[in-house]
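Below are two complexes that have subunit A in common, paired first with subunit B and then with subunit C.
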Partner chain A sequence: MSDFLTVFFLLTGSGLILIGAIGAVRMPDLILRMHATTKAGALGVGLMTVATAVYFLDIGVTVRALSILAFVVLTAPIAAHVIGRAAYFTGAPLWERTLKDELGQNLDRRGHYLRSGLEEQDRLPNRDRPAE
Partner chain B sequence: MIEWAVVATLLILALALVLTTARLFIGPSLADRVVALELIALIAVGIMLAYAIQVDRPAFMDVALVLALTAFMAAVGFARLLERGGSSDE
Partner chain C sequence: MTLFIWNILLAFVWVALSGNFTGSGFLAGFIFGYLVLAFVSRMSGDMTGYTRKIPQVIGFTLFYLWELIRSNMRVAYEVLTPTHYMRPGVIGLPLMTQSDAAVTLLANLISMTPGTLSIDVSNDNRMLYIHAMHIDDEDALRADLKDLERRVIELLS
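Now for the complex of A and B:
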């Protein structure tokens, strides 16, 4: 049973990592590539840590496996968010068939400032404004 | 059964490493290369874990843990470089 679980988790995890690598090569766009690599890679490594924990069946190994799992699962989205944000600010090209780019009009790339699109209403004279 | 599965896992990870290295070389912008490097670090962590099972030594999991830690630091540092300075064309 333990052997079967180890084999299952190892093959599933490495297969997911392979899918992420194929996505990294085949996807047309930086954002889509990150969509493929981040989630599939983090889940694949997580499954492989579970495989090692099941194989060794030792408390020290299990703690190490859980710490690797927690670290990868916690930091992969943060790293992807930071890289994606930096790439969008520096003007990474989007796929030409992208349907919606909601940040496109309202983002001031130089000042790192995101407008809400409602500034004209805020400037109406009758509007109650908080005391400065 | 486990021996064959570990060998198959290492082969699959090697194929994934080749594909990701291709993206590392052809990636048009620096951000693409950073994404490829991040995935390479994840694949290296997976290789360490599979190798720990193959040689039956759990000490290799420490290597995997340290590699995961430093890869995150590298990603954040590269993102800061992208956003605050440097050119994005290379």
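Now for the complex of A and C:
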């Protein structure tokens, strides 16, 4: 039973990572590639650590496996955020079939400032904004 | 927070009294201590929120993992089928809360939910920019995201 579960988790995990890799090649633009690698990578690595925990059935290994799972799941979105942000600041093109882009029009590339688009509504003085 | 420290102390008392110096002994002590605290805080009437928070945290973790699994199936489908059915776009989600912790948790959760990836937060923490794979039904998408935000605010309040 334990062997069966180990094999199941290992195969599913590596299959997901494979799908993530295929997605990184096939998707049309950078951010869509990030969709594939972030989610599939995080869950794939998580399933593999679960497989080690099931195989060893040892409290020390289990605790380490669970903490690896927790940290991978918590940090994968942050990596995706930083890469997506860098893509925007360096002007990586979006796929031509992208329907709308509400970020690009609010972005000040030179000052590294991202407006919320809500400033005009309440006319609050904005002290964070760099002088131009 | 103080109740959490009390809970840990009760777990140590349990470990000392039962003489079972292992991780599982500590876990058992923690669970019994939690039950005692839940009972006492219900009897005395001043709910500090701690005893209610633990089931909320567990529920939230399970919800997070479930969303992760769902989003993986969605991405796998999109990757493995030969035609791209995606209609992607970047939308701005106005935030109800400006606290850093809530925005961080919400951005993480959005990245892990099916079809959405949070890209950036505006400098005044009032707008979260999200890349979505399917924005055919933008109103439904926004309603889903608002629901997630409500969950996060409830968890952290």
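Definition applied: the second predicted complex is superposed on the first by the 115 of 132 C-alpha atoms of A that agree within 3 Å, B and C clash if a C-alpha of one lies under 4 Å from a C-alpha of the other, contacts with A are read in each partner's own complex, and residues count from 1 in each chain.
Keep this in mind: a contact is a pair of C-beta atoms (placed from the backbone, for glycine too) under 8 Å apart; a residue touches a chain by one contact, two chains touch by 3 or more.
Because the structure is a prediction, the values reported are computed rather than measured.
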| item | value |
| --- | --- |
| Partner chain in contact with A:S14 - subunit B first, subunit C second, else both or neither | first |
| Touching partner for A:T52 - first (subunit B), second (subunit C), both, neither | first |
| Subunit B versus subunit C as contact partner of A:K39, first or second or both or neither | second |
| Partner chain in contact with A:A92 - subunit B first, subunit C second, else both or neither | first |
| Which of subunit B and subunit C A:R115 touches, first, second, both or neither | second |
| Which superposed partner A:I22 touches (first subunit B, second subunit C, both, neither) | both |
| On subunit A, the residue positions that both subunit B and subunit C contact, one per complex | 20, 22, 34, 38, 42, 76, 78, 80, 85 |
| Subunit B contact footprint on subunit A (complex, rising order) | 3-4, 6-7, 10-11, 13-15, 17-18, 20-22, 24-25, 30, 33-34, 37-38, 41-42, 44-45, 48-49, 51-52, 55-56, 58, 60-61, 64-65, 67-68, 71-72, 75-76, 78-80, 82-83, 85-87, 89-92 |
| Subunit C-facing residues of subunit A, complex | 16, 19-20, 22-23, 26-28, 31-32, 34-36, 38-40, 42-43, 59, 63, 73-74, 76-78, 80-81, 84-85, 88, 94-95, 97-104, 106, 113-119, 126, 128-129 |
| Touching residues on subunit C, where the partner in the complex is subunit A | 22-24, 64-65, 68-69, 71-72, 75-76, 78-80, 84, 86-92, 94, 107-108, 110-112, 115, 117-124, 126-127, 129, 131, 133, 135 |
| In the complex with subunit A, residue positions of subunit B that touch it | 1-2, 5-6, 8-9, 12-13, 15-17, 19-20, 22-23, 29, 31-32, 34-36, 38-39, 42-43, 45-46, 49-50, 52-53, 58, 61-62, 64-65, 68-69, 71-72, 75-76, 78-80, 82-83, 88 |
